[in-house]
Each structure stands twice: as structure tokens, then as C-alpha cells.
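Structures for review follow.
Okay, so chain A shows up in both of these, paired with chain B first and chain C after.
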Partner chain A sequence: MSVNGQSNNGPHEFASPTTSGAARPVRGAVIVGGNRIPFARSGGAYTKSSNQDMLTAALDGLIARFGLQEERIGEVAAGAVLKHSRDFNLTREAVLGSALSAETPAYDLQQACATGLETVLGLANKIKLGQIDSAIAGGVDSASDAPIAVSEGLREVLLDLNRAKTLPQRLQVLSRLRPKDLAPDAPSTGEPRTGLSMGEHQALTTAQWNISREAQDELAFNSHRNLAAAYDAGFFDDLLTPYRGLARDSNLRADTTLEKLATLKPVFGKNLGAEATMTAGNSTPLTDGASTVLLASEDWADAHDLPKLATVVDGEAAAVDFVHGKDGLLMAPAFAVPRLLARNGLTLDDFDFFEIHEAFAGTVLSTLAAWEDEEFGRTRLGLDGAFGSIDRTKLNVNGSSLAAGHPFAATGGRIVASLAKMLQAKGTVDGRPARGLISICAAGGQGVVAILEAL
Partner chain B sequence: MTDKYTTLVNQGLGKNIAKRLGLPQPALLRRYKPGQPLTNGPVLVQGNTAGADELAATLLSWDLDVRRHAVPREKLGAIILVLDELSRPEDLEKPVLSAASSLRDLGPNARVVTISRPAAESPSPAQAAARQGVDGFLRSLAKELRAGATANGILLADGVQSTAPSALAALRFFLSGRSAFVDGQFLTVSSAEGHLPGDFEKPLAGKVAVVTGAARGIGAAIARTLHRDGATLVLVDIPGAGDHLAAVANEVRGTALQLDISTENAGQRIIDHAVQRHGRLDIVIHNAGITRDKLLANMDHARWSSVLNINIAAQLRINEALLASEHFRDSPRIVSVASTSGIAGNRGQTNYAASKSGVMGMVRASAPGLAGHGGTINAVAPGFIETDMTARIPFAVREVGRRLNSLQQGGQPSDVAEAIAFLASDAAGGINGDVLRVCGQNLVGA
Partner chain C sequence: MSTVQPLILGEMPSLSKLYVNAAAQAARRRVLGTHNGSSLPATGHEVRSVTADVGNLTAYQHLIGLTARDTLPAGYLHALAFPLAMSVMNRDDFPLPLLGMIHLSNHVEQRSPVLFTEPLDIEARVENLRGHRAGTQLDVIAEIRGAGTPDIKWTGRSTYLAKGVFLPGIDKPTPPTGLTDFTPPDPTAIWHLGVDTGRAYASVSGDFNPIHLSVLSAKALGMRRSIAHGMYLASRALADVGPAKGETFSWDVTFEAPVFLPARVALEITAEQASGDGWLRSDFVAWNPHSGRRHFSGSVAPLQDSAV
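Let's look at the complex of A and B:
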């Protein structure tokens, strides 16, 4: 199991230098596989599980699947969007609680819902540069075990109290306390600069792009149907490890119908003047869960007799000015994808799978509508016309967040591992490796997208 | 973990009360730990045949304290009765009675092992009678022994010497704490195949083993025991048990394969995983099994077919794939978990007993096919074993089930695992198509 320094468990063994510094050639970073725990609706099976519990469980399942016990991995990176201040070293703590070697370094990363995909891209880059030979990317979130902060007023009083030296000083500080200061400050999905929730933001975009209720419900229906079929086919047998009595995503409604979805009342965009179309059925629920992805250089994977599913080809981040209403909050991927494809000399026709994160059905459909819009293409993307359209039969073929749920930072790992497995099964298409596109929108008007290719 | 009653009657007041009231006094069994001596004291080898002499010489080379004649009042770890040249029933008396005079010198957890020959191969009725006589003698003696002592027998096929690899390996197994819950049983050594390990503490070193149903109970114990004995493990269980499976895999440094063994291509997927990830496949332990108990009058299709499908049909399909694979030809080993239910029957378990009897039939019929590649296939039939499953049996029924054997207690999952590890070893290459009961000599059944 050990060929070079990276893979050794010995305390102080080093990779023998091949080329030093700037002369070192860039190499490939491959996805070996992944593991996640089933995603649970908030307040459900994982109500009492912390982010650290869930991330550790996801790591341990990955370790068991690939025989990584006591292995010193090059680096582990993960993160959570809703994070307790005590979890300042969340990923490292999870590593220490796992079956990995305690000598495995780790760091936390946070980029809202793009956290999981960004850990994959960052670690893949380190592998490509030869800085590390193996890595585990991941993410976790608990909406059930969310941190609750004290009010700003109480916080200031407590800090001043700590600095006060005498009893009169302390009493004086305490006298500033008002009843309203005792109300806790719970986290919300509201945007700090607009005060609007993510759903209300998307409702603006959905209305702007004239996305119909029927189209949104159909996307949600397909997500549930595809995810249920994937479970029934055993697709997740080597992507998922049960946790706390849950063996499937608890949000999945295998028996849902378009009729049932059509009966749900709108929850967002009720005061826009236009018809409100966004329901609990075509929006993702608050979810708990964790995911991990094992990345490696080809040599490391070969030396450890591990599979190589796909390569991480390239990634791109984008952000939009949603504060001034120039673009919708979740529309950054509409800009990131065209830039990424241009850099790689590809068009939407060159892909076999599209994994567009379903924050809301409206997000996916608005993005696709923007790409198909001539004016958007000309004025916003600087193209001659529309960016292009995708073959809908290649979209989220094994379900996505509307069915699986969306534990913010864990979604990237879910998508990367699933897509890598799909690409490996597809193999080659017209003599080229099968190719997949990932698009994930994030709070703050951001988006991260990536290209994976079968090996 | 030893049951509470057994713990109670092995210490202080509880021990006294049980003795005065004549209550059962199950012993704390001596179970194998690495580094433990083979026996608890000297070994008396009785019998005056060439086979006995050769065996005694071999035991001496293992640094055992060997006696050819009993020393009065010396506590013994074991008595080995070599009866490999019986020709008439009268031949039994002398060795048996001389062993009898040493029985009171047996220490706690001592061993009696007979070495004789199978009656079926006898050329004459008188010889068959003598050979078969050992069977009744041994099983009765096992019921007379106390304080955790057991009696088991080795049957050497005609032409197989007392020092054949598997004869010695079976003897070591019976003498050691590995056979703690095996009592009143015979192992048949049918050939001189197999070879003893370089290191008796790591008999499975370099082997890649697959264990099905490894997430908990007996399967998890098998995984731990094979790991301790040096094997690299692939652990299989249904996807729904994946969390427990991962925990076991991380404990024994193996790989977890979430797979429903009843799927059509399960055998190929097991082979592919073992070969891709570990480079080879040497041992397959068919442990996965389910119960769906119901009186036959109330039996339905779902209960019957699920039990038969998972407990026997899946094993048959996987074995077919194994036997067809070029990766399973280097002295391969298959060990199946059967059950004493399949031997003695059990009310409410017509489906389960049929499946487990089926396992024994399959094992016997598959033996010649495995022998072609120097391989073996055997089964282990557990009796009452202390698992999560038996812990759910109502108290009174459980108490009866657990005491109705010569050792007056339930076995541990590790006891089943030890028997399996032994049959999976290279040294057991001469044992093929056999069924070994791990039941403490349960009073029901054969």
C-alpha cells in the first residue's frame, strides 16, 4: 500500500524530489470516489447530530470503502455554512475523530453553498501542482443544530463586563442591559445587504425570466423520480453510508406526482404583483448532511489499487451585483459557465451530463433561460447571440437537491462523487472521454462551476 | 461477554449457593488469545501404535510437555487417545480404561482428543464396529467432562497419517482455546493436503478473505478473528447496514463493500473488488443469513423465498462465479455458516432449517470441485450463540436454549469465528466437505 512518501504511514518519510519548484510539470487530479451520509430534512433523523459528528461519519464511511485506515492523506478540506464558533477547526477535529492517521492535516473553507465544490477545486489544484498526492474534500451542514448567537446588545455588555475591574464598574455595565437584549439571534438565509431571504431573491429572478409554475413543478418531479430510480438501481450503494437509521435521503418522495406538486401553495414571491410560483415542492428544504470526495494523483491511486473515476479538468467562480438589482442573487453560474467553457474551447454541446444544483427549480430554469436568451447573450455575456441550450435529458439524471435535500456545504461533494461515477460508467462518447458540467449557485451572489471528464 | 448467570456462579457466594443447590455450574471457558500456550498443562498421549509414537514426537517438537504414561496426581492439560489401528471392538478397552484412570487429573478447560478412522471405510464389520464405537464413546465422554473440559475426535481417512498437516492442525485446534465451544464433535481429515503455517500466530498471513454479513454479530466476529490471524479483509453487507459495516471495516483495516448478496452478479462484484483492491482472493466466508420464523401452517411466499434465496441460493450463485474465476484457484477456501437448526430442526424454522440443511448439502457436493485446485469447502454449524438476535428471545426460552448443552452456556460469536478461521487456513487443506458444529454439544440433534 505504500509507494512514495505521501502514501507511507511511517512518521518521517518524504517523497523523493523529481523536479523542483517552477519546473515541476502540472499533472492530473483524479476522483477516486466519494461517500456521503443520507441527507435528512432539518429537525429529522440528525436533529441531535453536530456538524462534527456528521462529517466524521462521512469520513469514516469513505475510509472504510477505500481502506484508508491509518493512512496519512495529503490534506483534508471541508467546511460548513452554519457553523458554531467552537468549530473553528471543524475539519481537523473530524479527521482526529476518524480512522485516518492523526498526522493528516486539514483546513476549513467557507464559500456558502459552493463550499463543497470549492474544496474539490482547491485540493485538485494542489494535487495538480504536485504539492500533495492525495486529498479528501468535503462539506457538512446542520440546519437542526444551527448556532444561535446572543444579541449584539448582550454581547457588548458581556465583553465589557469581562473588562470591568471593580464591583461598581461591573454594576454600571450590567445596568445597560435591556430586556430586548436577551432575545437570541438565530441564523437566517437572509442576505445581509438586502434583508431578503434567498427564496424571495429567487422569486424576483423567477418572475424576471417568466418561469412558469408548471415548468418548476416538472423539474421538481423529475428530480424525485430520477433520485428514486437511482436508489432502486443501487446507484448509491458505493456512494453513501447509512447514518442514524437513515439509508435514503429523507426528503425523497418517490411517489410524488405533478398533481400533488400542483396543489402546494406558493411560499415565496407573494408580494411581487406577478403570479407567485415558488412552493415548498419546487424549493429545497433546510437539510442536514455531510459528504466527502477522495481525490488523488493517478500514481497515488494506482499505488493504492484504487479506482480512478474521473479527472477534475477546470473550475471557475463568478459573482454578480445582486445588491443593486443588476442580476439575480443566484445567477452567477450563468456567467461562470460561459467563461469556463470559452477557456476550455468547449460549448454546451460537448457535455454528456449537466449537474445544475437545484437550490430552487426556478434557479435552474432561470439559468437555462438566460443562456437561451439572445439579448442576455449579447449584452451581458458579450457574445454574438444566445450562449446556447442544453439537452434536458442530460440534466440531473440521478436527481438533485430538490429531491435529495441541500445541506449547504455538503451539496458539492454529493454532486462531484455522483457525476464522477456516472462519467466512469459512460466511458467515452464519439472517441472522447465522457464530460460533465457542474454548476452551483451560492449566497452573496456567487457561483462556482467545474468540468469533470471520464478517465 | 459471558452471561450474567455464568459470571455469578463462578465467584464467591454465588459459587457456593449454586453448588449447594445443585444448580448448573457453567465454567468460564478458556478462549484463545495470541501468545497463549496451546494447553493448560502436560499432554498425555495414549496408544501404542506407530501413529501414536510419531504424534508424540511431533508434539515434543512443539515444546509441549508430553507424557506417554500418566504420572499420578499430576494435573493434565489434555489426553490424546490414539486409536488409529482398531480392528475389533475389544481393542477399545485397554486405551480407553487407561485414559479413564487419568480423567480425574484433568485440569480446568482440559481437552480429550481421540484420533481414529472413519467407520465407512472399514473392510470388515468388526472393524467398522470398533471404529464406529469411538463415536458413541467420545460423545458420551464429552457429556461427563466438567469445568470447561471438552472431548473431540479426529477421523483420519485410511492412508492418512496421524502427522498429516491437517491432522496436526485439527489437533492444535482442538487442544487450543480456539475450540472452547466445540464439544463432542469429529473432524474428518480426508487427505494429506495442506501445510502448516510458518507462524502459528498468523496462519492467514498474506490471504485475502471476504466475509458476508460482516456488519454485526457473528460476521463482525469472523472479521476480527481473520484479521487477528493475518488476513486482509473485504467486508460485505447490505447497503442498509453500511454504517455498522464501515465501523467493523475501520476496526480491522479492511474495505467495506455494500452489496446485497442476492443480486444476480454479486459473485462477480465480490471477485472484482477483491482483485482490484487487494490483488487476489483466497477465502470466502458465507456468513450472511436471515431468519423469518413462522409455523409452516402460517408460512407465506415472502418468508419462505427470502430465507431460501439469501441463505442458500445466493451462496450457490456466488460459488458458481468463484469456481468459474481464474482468480480463485490458488488453494481457495470457502466456509459456510450453517446451523444446528439444519441438523436437529427447530419449531417455527422450516424455512431457515431447510436453507441451512441446504448449505450442508451444498458443501458436501461442492467439495470435489474445490479439491481440483487444492481448495476446500466446509461448513460450521453454530448452536446457541450470544448475539443481538438471541438476546431478543424471551428470557425463559433463552435460558433453556443457552443451558441445554454440555458446557451449560451459550457460545460467543468469536467461538464460531475461531472454527471458521481454522477451516479457512492452509493447514486445513485436508479437511473438505465437512460440517463442524460449534454448539457446546447441544443436547438436541446429532
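Let's look at the complex of A and C:
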């Protein structure tokens, strides 16, 4: 795989759609805009709001902003990571409760924290193939209103009770119930195959890449400072609808300082050989929220007199073998991005914005360290040397998850809409369209990354 | 193979009866002050045409963290043969007290996959009585064949120690030197074992040894708290090794400090790959994350052409 020395131009030629039935040429998929509700720390403003409530709120704002009342959208896709079984048709239910045409189809998708970005990529592909002309991608999560399951013991008794036909059979089944069976099972962020929480996994990776406490705190500080500045500059005015009394992300600490961050005690990695460096300040908190993105073909956007902020150029998913520690749980983007850029003939120097999801400050810094590492480049990426480094002034310039919070499935939509707006404002750079890279890590050792370009 | 014909039992012995018998035998021997010499019974025990119970198999698989497939896990086959092994150690001519024996190590060869529907002939015998710096040890050999066939599908060698029992004529070996110090590595997994871990494994394996069931029953046998079954721990480690091992493999485990319940157990599992893509071996080691004491370690490897 050779990454360097190729054209700066993206590979995609966008042809006009045709109406012929057979092979339609691939056309572009554009981001019209987005809307989200402010993200709330769990147990805060959205404590009693369900996933359907929040997704509908984000959708309502999007419909109002772009005049989509009674519009039959090609398809709506969204998802939630923590999802109740009764929400099997969560997105369709949100559509039915919205002002969109009731004839708008919808489906649910779930790829852990990559859910939101994957809905964007999947729907953009359908638009590119001419299967649909418009789409809404989204995601929602509530850590406050999380589903709680009954214990396995109680579940088995209840299921067997349902199957029992006679009173003696039912009594026999009920007699199996023990007091401990009444304790509920709450969802956890633990990886099923390792029993380690996501934070404990990242602590191993953070130590492996020798990421310092100071570097993590600095990244967290920048995230809060940048997000606060973006709010002050009105950046989110057309990206966000207030909900339940919140107009800003409640996790944002505009007045935080490096000194304050330095006083926080480590919460992850306390039993490892290396020094524990991960605190509540440089790790994302559990958060509630929802986001949506409106996608369309250029023709559809023009016909509806809607803006065209950026195009969805390409995307890539990757996964790592983390179970026995070959790679860190959240390191899949370190592999996905080099593959994506190679396919598109691009290097890290060809980007104006880097949106690397801040699951933990250590995740972002470990990914950057891997890309800058000669040996990792040679032995793991199959390159001649290090993959490359990024200009840190282009990283998460309007803040990211450490400041905004991270309602798992809603993060992709937050990033796509914000980046599209930044790209449109940037316009062209050295005669080429402004370009941005999105990188999102996910549970299960997965990652999804994407390239967006200004039109 | 032993040259003495095994004693064919009509059905799989009941473990609970065996434990009661063993307790009675221990009391009898305490009163009479006798034991049965310094040699092991040459006769093994065999049960024919045993089939697994699918409900019990599913419960075992879910408890161990395995996907419920139709092949019998290697640890499940150990549990299937275990009552027979116990019945040999429960014979009147078995020279060591059964209760309180410590499981030191286990070697298993899964030579071909076994479907849960297959009738199986299971045989167990004891051999290799020898000294140990802390007492007397022996091997329990179990073999599982397709019913009516000579093909061994699974074989296991469990080494047990009768602590503090020294039989006349059996030399005590010098203590092993060079016991390596253990420095815990970074874990690849953490198990959170509840206080009911022993009861849960007892209910799927049938091994209701009181030292695993509750604090009270364990205290009655001189333990400060109940401990996890060694084969539960080893079987979970085998499950955590994952699909790399394929359908046939050898599986070794050496037990050290017992896991007192409830417990957090840290593990490191590493796979060694050949220069190609081939899997050479997976090693596992488990320890107490607070004290750093090693609980057990072992490996899973492709089957070699070796006899047990």
C-alpha cells in the first residue's frame, strides 16, 4: 500500500442521475444540514426522557429548520446503543410521531458508538446508487433512561411459568425463584469477552502508548475551550434545538483550567503496572442526547431550495483483535484511516479538519501516536515507515466529546453536521475543496471513519 | 491402557452418594486407624453408552461463557467422566482419603469432536502413586470413546494430592527448586466471580463438594471460605482462548492458590502465531489482582502424537 505521492484530488466523479432502469451511474450524496438537542449529563435534564422522546425532538427541529413537514423522505435510519426491546422500531416510531409524511420508511441500526456515522454512510450510499433521493440519518442514547433487564433466574422462571399449563406445574416453577433472582441486571460498559470496562481497556492502551496525564488533560482542556468558543460564536445556532430547558451541552465547563483538571484523581487503570492517568476530566461522561443529519442528492437539495454543505466522499470500517490484547479496544480507527486514505489517494496533509471522537483523551492521543510510530507503520500498516502526523491546530476545532458529552449513537450525527458546516465555511483550500476526516471508535474493537468534502 | 479389565458399572455413579461414602470411610478410618496399603487399585471403572443431557449441556455452556454449540466442550467431558473417577477413588482398596484431596494439575487431549447425541463409553482408573513434598500424589486417567468403538475421542489426566498423607515405602521427593517469582502482567480480562460461583458450577457439573458450596460448608472442612472449582476456572480460561484452538487440541492447567469466593480474577491470555498464519499455542495465567498471587496457569496447543 502506497499512500504518498499521489494526487490530492478525490477519486469520485459525480455523474448526473439517469432515469434508465438498469445501471445508474454513481452520483453524489450531499449533507444539507443537521440538528441535535444539547447533550445532557446522565441524571440531568433528560433523566425522564426516553430514546424515542429525544430522537423525535431532534427530528422535529430538523423538520422545522428545512421545511420537511409532510415530506416523504427516501429513508430514515437511526439507532440507539442502549435500547429497550420494546423500541424494536424506534426510528419508525419517531418518524410516525413527527411531521414527516407517514409514508416515510425507517430502520434501526446499531454499531455501538459508530452507529450514527454508519447511518450516514449507509444512507449516503443509497443516495449515491440512486435508490433514494433524500435521507435522514441519526442516533440517540440515554444513559439515564437505560433499559434494565430482570435477572436470568427470574427471566427463566417467568418464561417457564408462561409455558406451564397446570396449577401444580406453575407452583413448581415458582418454587425455583430465589431472593437473588429479584435483583435486576443493569447494562454496563464492560466488554462481554474480557470483563474489562471500556475505561480499563483504554487505560491499557494509554499506558502502552506512553500517553502522559498532561497531554490528556491538555486535550480535554482544548475540547472545553473550543466548544465554549463555538457556542459563543453562534456556531451551533443552526445545528441545535433547545430541549427540556437546555440550550448548551450540560457537560461543558467553559471555565475549566489545566490546573483544575490536574487535581482530579485517576479513575481507570489503577491496578496496572503503569501510572494511572485517566480521570473523569479526560474521559467522557455518560450522557443523554440525540442528533440527526439531512442527506440528499444534489438535485433533490436544489429542487427543495436547500443548502448543500458538503459531500460524503467515502467511509471505511475496521475492527481489531483486542480480546487477548493484540491491539487496544478502541484502536480500530488507527487501521481504518490509512486504508481509507490509501483508497482515495490522500495523505493526512490533505485535510483541513480532523474530527477524532474523544471517547477518552487517551484514545485520540494513542491513535495519533500509532500513526506517528515507525514500527507500527511498518509492521501493522504495511507502510515504509510511520503513517504520518496531523497538524494539531486542525483537530476538533469546535470541541468534541470530552466537552460535549457522548450519547453513544448520537455522536456520529453531531460530528457529521458540525464538520459539514465547517467545510462549507472553509470553501476551497489551494484550489481544492476543503476536506475533513472523521474517526469514531466503538465497542467490540470496531471503528468507522469517513471523508467529507466541501462542495 | 491398563491390562486389568475394568469393572463395568450399570450406570453413572451418583456423586452425592460418593461424597457421603467418602465421609463415612474417612470416619471409619479415623476410628480404626487403618488404610489399605501403599498401592493403587489396578481395576478401573467403566460405564457404557452414556449420553449427555442437552439441558444440562446448555446450562454448562452458558455458565462457562460458551456459545451453545452441539459439540461437547472439553471441560464438559471432564465433568461427564468425573463421577466415575471419583468412584475409583472411593473404592475400599484405594489407599488415600478422598475428601480433602487437592487438584494439582490437569492434562486433556480432545482428539476428535463429540456431538451431544453420541453415546459414549467412559472409563476411569488411577495410577502413578508417588511422593510429593507435601504428601502423596497420584494420577486419575479418564478415557472417553465412541460407544462400542476403540477410538479414544477424549482423554484426561488429573493429578491429585493427598496433603499430609505419607504412605510407607513411597519416597518424598526433594522440594522443587527454582520456583519462579510471578510478576503480574497487564490483564487481558477480569472475571467477577460471585459468591454463588461454586453452587452454580456444582449444579451443572454435579460436583457438590462442600468446599465449593458455601462459607459454612467450606468451614466445616477447614477452609476459611468457599473456593471456586478448579475445573470451572480452567474451563472458562479454555473458553476465553477462543476459536483459534479448533476442534482438537491439548489443554494443560496447573493450579496454585485457590480462588476464595467472591473474587475478582485477573487473566492474561496470549496466542503464539507461527510465522505464517498458523496458531502455535495459547497460554493463560490467572492471578489475584490485589495480592498478585497466581491462581493457575496453563496452555492450549494443537494435538501432538503423544499418549497420556
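Everything that follows uses one rule, which is that the second predicted complex is superposed on the first by the 433 of 455 C-alpha atoms of A that agree within 3 Å, B and C clash if a C-alpha of one lies under 4 Å from a C-alpha of the other, contacts with A are read in each partner's own complex, and residues count from 1 in each chain.
Going forward, a contact is a pair of C-beta atoms (placed from the backbone, for glycine too) under 8 Å apart; a residue touches a chain by one contact, two chains touch by 3 or more.
Keep in mind that what you see is a predicted model, and the values were worked out from it rather than measured.
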Overlay on chain A: chain C relative to chain B, clash or fit: fit
By residue count, is chain A touched more by chain B or by chain C? B
Under the stated touch criterion, which partner chain does A:A207 make contact with: chain B (first), chain C (second), both, or neither? second
Looking at A:A247 after the superposition, I want to know if it touches chain B, chain C, both of them or none. Which is it: first, second, both, neither? first
Would you check which partner chain A:P333 touches, where first means chain B only, second means chain C only, and both and neither mean what they say? neither
Examine A:P307 and indicate which partner it touches, taking first as chain B and second as chain C; both and neither are also allowed. first
For A:F236, select first, second, both or neither according to whether it touches chain B, chain C, the two together, or no partner. first
Is A:I63 contacted by the first partner chain B, the second partner chain C, both or neither? first
Chain B and chain C, minimum CA distance [Å, superposed model]: 45
Of all residues in chain A, which touch chain B in the complex? 57, 60-61, 63-67, 69-70, 99, 234, 236-238, 240-243, 247, 305-307
Going by the contact rule set out above, which residues of chain B touch chain A in the complex? 239-243, 245-247, 249-250, 253-260, 263, 276-279
Parts of chain C lying in touch with chain A, wherever the complex brings them together: 184, 186-192, 196, 240, 242, 266, 268-271, 282, 289
Per the touch rule above, chain A residues touching chain C in the complex are 180, 193-196, 200, 204, 207, 271-273, 323-326
